[in-house]
Structures are given as structure tokens and as C-alpha cells.
Amino acid sequence: MAKLRALLVGATGIAGQQFVSALRDHPWFEIGAIAASPRNAGKRYDEAVAGGWFLSEPIPADIAALRLLDPGAAPRGVDLVFSAVESDVARELEPRFAAELPVISAASTFRMEPDVPLLIPPVNAGHVGLVTAQRARGWRGSVVPIPNCTTTGLAVVLAPLAERFGVRSVVMTSLQAVSGAGRSPGVAALDILDNVIPYIPKEEGKVEAETRKILGRWVPGASAVEPMAIRISATCTRVAVQDGHTETVSVGLGRPASLDEVKDALRTWEGSPEARDLPSSAPRWIEVLEAQDRPQPRLDRETHGGMATSVGRIREEPVLEHGVKLVLVSHNTKMGAARGAVLVAELMRARGFLGR
Amino acid sequence: MAKLRALLVGATGIAGQQFVSALRDHPWFEIGAIAASPRNAGKRYDEAVAGGWFLSEPIPADIAALRLLDPGAAPRGVDLVFSAVESDVARELEPRFAAELPVISAASTFRMEPDVPLLIPPVNAGHVGLVTAQRARGWRGSVVPIPNCTTTGLAVVLAPLAERFGVRSVVMTSLQAVSGAGRSPGVAALDILDNVIPYIPKEEGKVEAETRKILGRWVPGASAVEPMAIRISATCTRVAVQDGHTETVSVGLGRPASLDEVKDALRTWEGSPEARDLPSSAPRWIEVLEAQDRPQPRLDRETHGGMATSVGRIREEPVLEHGVKLVLVSHNTKMGAARGAVLVAELMRARGFLGR
Amino acid sequence: MAKLRALLVGATGIAGQQFVSALRDHPWFEIGAIAASPRNAGKRYDEAVAGGWFLSEPIPADIAALRLLDPGAAPRGVDLVFSAVESDVARELEPRFAAELPVISAASTFRMEPDVPLLIPPVNAGHVGLVTAQRARGWRGSVVPIPNCTTTGLAVVLAPLAERFGVRSVVMTSLQAVSGAGRSPGVAALDILDNVIPYIPKEEGKVEAETRKILGRWVPGASAVEPMAIRISATCTRVAVQDGHTETVSVGLGRPASLDEVKDALRTWEGSPEARDLPSSAPRWIEVLEAQDRPQPRLDRETHGGMATSVGRIREEPVLEHGVKLVLVSHNTKMGAARGAVLVAELMRARGFLGR
Amino acid sequence: MAKLRALLVGATGIAGQQFVSALRDHPWFEIGAIAASPRNAGKRYDEAVAGGWFLSEPIPADIAALRLLDPGAAPRGVDLVFSAVESDVARELEPRFAAELPVISAASTFRMEPDVPLLIPPVNAGHVGLVTAQRARGWRGSVVPIPNCTTTGLAVVLAPLAERFGVRSVVMTSLQAVSGAGRSPGVAALDILDNVIPYIPKEEGKVEAETRKILGRWVPGASAVEPMAIRISATCTRVAVQDGHTETVSVGLGRPASLDEVKDALRTWEGSPEARDLPSSAPRWIEVLEAQDRPQPRLDRETHGGMATSVGRIREEPVLEHGVKLVLVSHNTKMGAARGAVLVAELMRARGFLGR
């Protein structure tokens, strides 16, 4: 099976760099072309990111030598697009690409549009078929976004609980890493050292709406996802952590469940069958930790290559009916961003929505 | 009015150093004697803390030259005791002191005993009379502990809400500073840099029980406080912040209230009349901040000398009935520890429970 | 003596905010007008900095309500200008102001020009007379910059050594705080958490050249400062510290000196007589600490209101001839920036170079 | 070739955990037995480290189930000892083991004794033969320590410079990570957040003496190493970095050399031939980085599995004769500790000093 060639748009930013890393030596995809802001067009990739390369691994040599395209130019010789642009740029660029090509995007722009599936493959692989509804836009391709990085860990943990017990309500506080904010502007050092910032613009609303859509129901042929009826209350904060979002989560279940049943539901969850054997799949999507002081972002973010969500401190929640509470850690720039987007592309290819 | 002379026990630890700072130039109290672990007895204070002085202000010269007493020796010529020892040491030492003297303590040991008031002066100054119940122990003095530093900010913010609307339920996540843990063992640098520790031993149970007791009802002559019937769910985490605990709080009120009513209740709250004009009283106990990204520990912990609780992000809480949510910051080593204990001593003196 | 009225240019940035703080309740100066980038002209100060106010103290009420001027407009009714603009903006703006008014500037632009004194009042107050050389530019005012914040602590500590023993060579490594870099772009959180950045653009050359000029010799009437002949080697790094630059310094003295003589020279140094009794003067400009593990930025940056340089770890330096080595901490945004600039203005007023 | 079986002493501390990690799946060695403090004897390894496991990788299953031996018991069925105990414990324990077995140690105790080689295999593999001098102690085994973690990066970088140009003097400032200090007591969070600690007990003297010994000359049969005659001046500081020591280094060479010659010497250095093809050898021991702002600990510590030293900012050093200056990053718990010790064991086996 020949590798599909991808155009990476927004390649020089932090998110773009993470795509470069996530696609290194990928068995199904290769970066065939890269684009960034017009002022960088024509530069070599390593020149364009000079001084701003964020990752500890070096730039792959073949990518380093690629010349940046103007993102407005028509892409040639590529099979799909990975988009790491800001949401306002996405609004203009992604539809242009989608006219011809599938676009897997980390931008928030199209997440909540009715004909757009919002995919976390182990949670709702079945929603992928909704992309065909985008043909009504006159597109031969499609836009398939991934959720906000804070949504991802939450939705992964709620999925097995919703399947087994039902979920009625969620109170969540996030302690988010700085890497998700990128570098320009990103989080300033002087704002986060010795500090907590208790507000991330628009984040709480995204988490609440996206979670309901991801856990919702889509039947083939339907023109939209029917969101799950959960009351969700999110408070999103930023802390002095490099990578890995921590979330404290109180869940009101649909029926009584013992802590052992809850742990069992999380431990034995295998997720959507379509997502089990993809190249980026984790052997287990959720790891339940018994140590009282886990999960911790520094110790647990890299579990299964950053694709698993670690859960611990599973306890009774006295305030919510049929309540249980827990703490989770999810890697915001791996499962929650570029590697999660690559996983979506893998699902699409496996399901026949991608490729030559 | 002559200053009362205090014995400071546990003077060399981080908590003890904070008492030294809180009592510097105090109009009503002065440190007349200090004690620490027996191995330090006889040393000058500045020798005993050498290399471990934690505060940016220098050791006051008169305190630096004091010789440490053995804590087992009978204190002479002092009017009260401030205790900054660990809880296991407190179990043995504090009753011995209380036989003769009032002991204001930062230790958790006696907080939940029925004949012990747990005081935050602006919240429950009226509980102070419960100390007389300790005469039944055969003590001429008493033990009066302050709450856990995480309880303090929460109870201060719940007090005006309980008074005006009633409070039925609370879901709280704390993001706690490292200073509260002290230095031996304290929090290790390698555990908290680039990390969150989602567990603090015994903390959550303390917050839940102490809050109910502090907000409870005591009528003069009663032998115990009747705790308030609130369901409380706490998740306590540690973050890379030096000073100042941040808490995200969801509250289910006793009746519907608009956000404006809630802000008004917090803004106009004056607290117990007995606590208004003490030397350490804040001009306002609660500061309501309108900026979306406040309160932040680095910016807001020192408000009114670290004695005020800063509150922001007041929003509707969709999960709890009559719900409101907010974020608070409280200084864990000032209002939440030594300066809070001094405030309790001030209240006791003003109410006639201290002094010659 | 009536207060002089100052125009503060670049008032909304981090450096500008520090000037607002440094001038709060100043006995000799008051902020009469503020200016910032043209797009903010006409806005109230508190609106213009909304969400970007960096200091833990609130904005003074009278400043909050001031309307921002366009920096291009001619200032009226002011006696001097404090400039907190970037160096490229300074190149254009400061000469325009200097045509009429004295400009005390934190920008690097004019520091090395021959007719410009580079002042640290305790070190080289006598250089102030060089401002009159600027009349040859056709200015009725002048530009008087302060040094780079990393230069300041170094020059303060070298001054008494140069006076007493002579100084031939200096090898210095700085560990600089993030606050000096401002917020846009400033240091990104993801670059400094769990990290050291071993390079600060242009910093090392500034430190080397400025130190020689500050310690140099100016005789009244001369058209320039004759720089001191010291070989200086600086390596400037950035670390995860909020405020306070630490510098490790090896000094080759001009003649042999014992460590006690060196300590004595530092301890007893009083600095320029003209700088001793200004409103912002520290009671001692250098504090020598004996504890082995001091100075530390968190503990020592605020000494004497952030105007003193703390020195410790004074040891023999085996590599340099007549070598001594030490560690210093200097507050980069107080003595090293806004408060240092205010001190220069105070010196100028005391010496008759300012005022009506 | 059968694997040699190692006893790991001090297995539960941070250093011991790093040995567990360094020996995971090692082709030549396996952990056959573990020992720790007597109070833990008999416990399973995973029980003994519960709550204190420091690494993000899980404890290997076979090690987790091992029972801890009392370190005083005679080890049976093992071929060598890796020692991760504190230096005072090493003084007593290591000679006892050395009576029968080779002991590779991370402790400082024996480093400076005349009959003890201090090995960094790429730098001074030839010194290994000095172990035979220890037979005069009546030992059938030997003690072979590795250097202090701060010495390692410095000696690696000086080695090619000494070989090509000679080295006469070194002025070094280290910015050290917290992981090297371990956890009990280690560095307290409240001492390092927003701070620099400019002193590490005994560190500077170790760096100076060890570097001279490592770079010294040993001829087969000689009873000791003749140290290299370099003047070294070290200032060691602690910063808020998890792993990876940064050092700013000024070197006075033995003869003039251009920066290109210096870079070439570093880039082309292959180190001792005996150290080139060991299982833990890096493909290059030194990586020279051209980007102005490198090396950085977060980005460069893991180069070649943490076994390479990254060097950048190579510039002229104006103060020292024939001076050059640079910045280096070396992984303090990999090349500088456990993995460096395993590399020494590999060298010893390859040279016939180990094994059955």
C-alpha cells in the first residue's frame, strides 16, 4: 500500500511542528508538501522555523529541506491536508482545500457545524460517515476537525461510563499545560511562573459543547449528530506544566454503580472496534492507576506514546446523584492534537474515506 | 495596654517562621520565648534556623538573639502560646500547655473535638465562647486551633452565601501552593516542577469536615458546634506556586439567586462585628474582581496584607440546583496560617478570653 | 518645592507599568501625562492595559483615569519625560522630546553615544554634567538613559573594587529573570519552564561596553567619557525566575587583596556623595551576606526596596591574577529599570539639571 | 555471552531507580539482586518505592517483584555491584563488597584515592588498568567510581581541547538540575520555584579536583594518576530544571586557536577507541550546535539517549589567554550518573576486568 501524500498547512507553528513529529516514519502517510504564512513562502522549512523549533527531537532531514508553499496556491500531488492553522485562517483556507481534498484539522472553526463529524476514534468512530453530508456543500473533499485538547481526555473517560451506566452531569476543573497555547502569543513566562491563570478564552464553552457532540448519536444517513443530554460545567485553568492536561472530574451517573464497577468499566473499555488496530492506536485507551497520587502529568502524559488517558483517584462523589469522581491526565499535544489528528486520518483511510 | 507575652512553639519550621513574621511589631502581642525540638534547645534562634530561613525579610534582631527553650519545660512569664508544631507533636505538647495557658494552634490535632472552637474570626467569631467548655478537661487554659489553610478561603466565601441564600452543596478543586507543606519533608522540587500532584494526604477530608463545623451553629452554653448540613466534595491538588491557594468552587445555593445578587452578597459582606476592628483585620474580607482572568495567586495573594480572599469568575453553575461557580485565591501562610492564628488571638483578647 | 510633572511614554508595557509603580507617591515627581502607541491614544489607561496589568498592586486611581496621548503630539505642561519605549521607537521619539525636555530613558538607543552620560547615581553621579554636551545637538533638553538591567548590578559591585584595588578583568555569567523581557514577545512559558535559555540577543555586548563606560572617567568639560580599560567577558542566560538577576562574577583586581579587604571594600562603600540622600537612595547600596547559600533572587531582590545589590559567596578566584569571585543579585525591574531611572531623575534635579 | 548478574545497592533512591532504568534490557548485564536500607529488607521492590517512583516509565515487572536484601548480607550469585548509596554509607559498604567483587559506584567517597581510577570512558578509558593497584588493599574486587555529574560534561568537552590545543585554565558556572539532588532531602520546592540557589555543598571542589584527575596521565604500572595542571574555577548553582546540567565555560587554551579549529576539534572528536562500540556508547560524544540559543536542557539533554554532551555558543573569550568560551548541556542522571556507570562497567568487561 503506497503512502498517501499529505500537505501540511501551518507547518511552522507549534502545532505544525507537532504534526511533523507525528508523521515522522508514519507507515501510511508522508508529508509531501508544506505551507505556512505567505511571508515564509519559498523558504526552506528549517530556515522558517529557525530559533523557534520547539521539540527535543531534531527536524527530520527530508522535511528540513522542503520549501514552504504559499497556502493560497493550489496543492498538487497530494492526497490529503493536515491543517494546523489558527481558527480564523482556517475559516478561509480549509473550505478552499476541502473543495478537492479531505482536510483533517486541529482548528476549532468547523467543529460545531452540523455536517461535520467531531472525531475521537475510540469514542465515536462511527460518526465518520457524516463526512458524506459535506458533499452538499459542493466539496469533493471534506473538513474533519479534532476536538479541543481539553475535551479529548474528558470524552475518552466519559465514553465507557456513558456506555455502561449513563452519564447525566459533569463538573470538571482543568489544570492545563502551556504547550497547547502555542508561542505567538502563547502563555508569557511572566504570567505563569509562580502562578495559576484561572481563565482560558472560549475554552469552557468548547469543552461543554464538544463533549456533548462527541458522545452524541449519529445514525447513518442523518444530517447531524444528536448531542448527548449531559449537563456539563467546566472551569479551565492554566498551570506551570509543559505538556499534559490534568482534569478533576465529578460525574453523576445514570444509575448507581460501585467504585469497582466504575474501575472495571474504565479498565476493560476497548473503544470503537474500528479504532483498535490503527498504526497510532494505544494498546489500551485508558490506564487506571491505583497509586493515590497519580495520575501526574510529568509521569503519565507519555503513556502509550501519549495516546492513552491515565485515570486515578476514583472515589465517591457525595454531591452528585450516583456520583463518582476521578482525576485524569491526557497529553494535549499528542492524543489531544497532532497525533490525534493523524489517528483520525488513519480511521478515515481504514474506512475508505481517504486515498487514491 | 501592656503587650501580652507569647511563647512560640515550633519556632524554627516554616510555620514557626511565619509566626515570627506575623508577630513582628504587633501592637498587642510580643514573642517572649521560643521553643523548638529538644535538640535545638539552648541555641540562638538565628543559629537554629541558619540556612533554613524562608522569608525574604530578615529575622528580627530581638528574636534572632533569643535562646530556644526545650518545649517540655514549663513556660514562665508568658500569657499565651502560639503553636506551630506538627500534629503528632501537638497531641502531646498542647494539652500540657493548655493546663495553664491559652494555646492558639496551627496544628490539626484538636480541630474536630467537640469542645474546641474552630475559628475564622470574620466567619464565626461567636463560637469563641465554646472554649469555656474545655474547663471540663481540668485546664485553666485552652486549645484553639485555626482551620486547614485550604478550608479558610472556602469558608470565608461560603459564609456570606450561606447567610444570604443558604448553601446546600459544594464541589471544590484546589490548586495549592507549596509553602503550606513546609520543608521537611515538604514538597520536593523534582515532584512539582513541570507537574501537578493530584493528592494531598488527608486534606480533602479536613476541608469537608472543617467547613461544616466552621459554618455550623453554636449557642452559648452548648457543649459543641452543630455542623452545617452541606454536602461538600473536595479534590485537593498541588501546583508549582510558592504562596496562595487557588480554588475553583461550584456552589448549590438554598434558593435561586442572580449573579448580581451573589456578587452583592460577597461584596457587601462585613463578617462578624467582633472581627471588624482587630489589628489584623482586613478592611474587606472578600474582594470581588471583575477582570475575566482573576484572581491569580501571584497577583492577588497579598491583598490587604494577605488577609483578604479574592474572588472572580462568578458564573452560573449548570449542574447544581441554584448553582453558582467562582474562583478564589487565599493566602495560605497569612490568613490561612500564622496571621490567621494571630487574628484569632486578637479576637480572644478583645472578647476577654486572653490576658492578665 | 512643587512636584515636577512627568510625561510617561510607553506607559502600557511592562516597563511602563513599572514606572507607574516607581512614581506612585513620589515626593518630587508626579505623572502628569501618559502616552503609548497611537492605536491606544484617547483610551483611559486602565482600559488600555486591561488584562495586561502585571503588578500585584492595583493601578493607582488617578493614573487609571488618565487618557493616553499620542506619543507624536507635543507634550504640554510637563517638566520631564520618562521613556519606557522599545529602542527602535526611542530612536525616533526621544530626540523629538529632547528638543525641549529632559528625557530619562530605559531604552538602549543612546547609551553609547559620546555626549550621553550613562548613569548609575551611586557609581558615577559625576558624569551627569556631560548632558550639557548635548546642547551641541541643538536640544534644550537631553537624553539620559539608564544602563541595561544586567549591567547595573555588575557595575555597582565593581565600583568599590575599582576604587580600592583597581579592576583588570571580569568573567561574568548571568542568570536573568523573565520580567526584564516584557510581554510582547517576552519569554514564552514553553521556552523557560524546565529550561535555561543560554542566549539573550545583544545582551552580552551591552553589558561589556556599558560597564566600561559607567566605570570610566569624565572630567567636566570633556566631550565624552573615557571608558575604563577592563577586559570583560559576559555570558547571559535566562532562567525560570520572575524578578531579580543573579550573576556569578570572577574579578581580576589591580593588586593583591585579601577576602577580608574585599568584603570590607564592599561593605563600607557609600557611593557617590550626590546619591546618598535622594528619595530613592538605599541606606546601603551593597549588602554583603555571609550565609553560604545567599544571595538568592527570591529572598534578596527586594532588599532596600529593590535598590540594593546583594553580594555573597566571596571567595578566591584561582584563574585570574589577584582574583576574587562572588555572586550578586540585583532587582532588574527596580534598581535595574524604572526605579533606577527615577533615581537618575532625582540626581538630575538635585544637581540642577531638571526643573522649573 | 551470558549476561553478568549485578547486585544493585541503594536501589530505592532516585539514583537507584536510574540504575534500574539504565539496566533495563541491557545486553550484557542484568539485575540479579537488590539491596537497600536494612529497614526495607525483605520487602518487594515495588512496595519499598511505593509513592516514590520517580520515572515516567513503569518499574520493570521482574524488578518490581524482587525482594530487597539487607545490604550487610554477603551477596551470592552475582558478578558485580552497582552502588547508588550515599557517600557515608559507601565508605562502609563498598570496601566490604570490593573484597570479592568489582563495585561500580556513583558515590563520591573513593573518587580521589590514588589507586582508584575515575572513569569517563570516552575521555580516559586507559585509566581503567589502575584498578589492579587496589589488589594491594587485599581486595579481589575493586571500587570504580564515576565522577560527579557536573564534572562529566565539563571533562568531556575539555578532553578534545586538551588533546588538540592544551588547556591551561577554566572558569565555569553551572546551572544544575534538581534531579541530581535526590529526594531526601533533595531540593525543596519552596527553595527553587522562582529562585536560584547559588551554592551546592562541596560541589565546586569536587568539580575542580575530579576534572584534573580525569584529564590526567596514567601510565600502566603507575600507582596513581598524575593530574593535569589546569587552574579551574567553578561556581555551582541550582536552577528550576528537572534534568540536564547547563554549564557556561571559559577556557584558556595552551596555544592560539581559531573558533573554527575549536569547533572542528569538538566535532571530530571520537574519544578513546575502547569506548566507541560499547552498548551504551553514543554515536558522537559531543554535538556542536550552531543555533545561537542552544544548547538548552529541555531540548538537548536527551541527545543520543542522554549520553552526548551538547555544545554551543562557541565564541572568543577576551579575558583568558588564548581564550574560547562556550555553553554545554549534559544529562546529569544519564551520562552523568547511572548510564555513565553502566558505560564504565561495559568498558571494564570489554577490557577483561569483569566477568566470570
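Every chain is named by a letter (A, B, C and D) in the order it is written, and numbering of its residues begins at 1.
Here, a contact is a pair of C-beta atoms (placed from the backbone, for glycine too) under 8 Å apart; a residue touches a chain by one contact, two chains touch by 3 or more.
Since the structure is predicted, the reported quantities are computational estimates derived from the model, not experimental observations.
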Checklist entry - By CA centroid distance, what chain is farthest from chain C? => result A
Checklist entry - Same or different for chain A and chain B, when you check if over half of the residue numbers at their contact belong to both copies? => result same
Next on the checklist: Could you work out how far the Cα centre of chain A sits from that of chain D, in whole Å?
Outcome noted: 40
Checklist entry - In whole angstrom, how far does the Cα centroid of chain A sit from the Cα centroid of chain C? => result 46
Next on the checklist: Please output the residue numbers of chain B that touch at least 2 other chains, ranges allowed.
Outcome noted: 193-194, 240-242, 292-293, 298-299
Checklist entry - Along chain D, where are the residues that touch chain B in the complex? => result 14, 54, 178-179, 181, 183-194, 240-242
Item to check | Of chain D, residues touching chain A in the complex | outcome: 50-51, 55-56, 193-194, 242, 291-293, 298-302
Next on the checklist: If we count contacts the way the header does, which residues on chain B are in touch with chain A in the complex?
Outcome noted: 169-171, 173, 175, 193-199, 231-233, 235, 237, 239-242, 246, 248, 250, 252, 292-299, 312-313, 317-320, 323, 325, 327
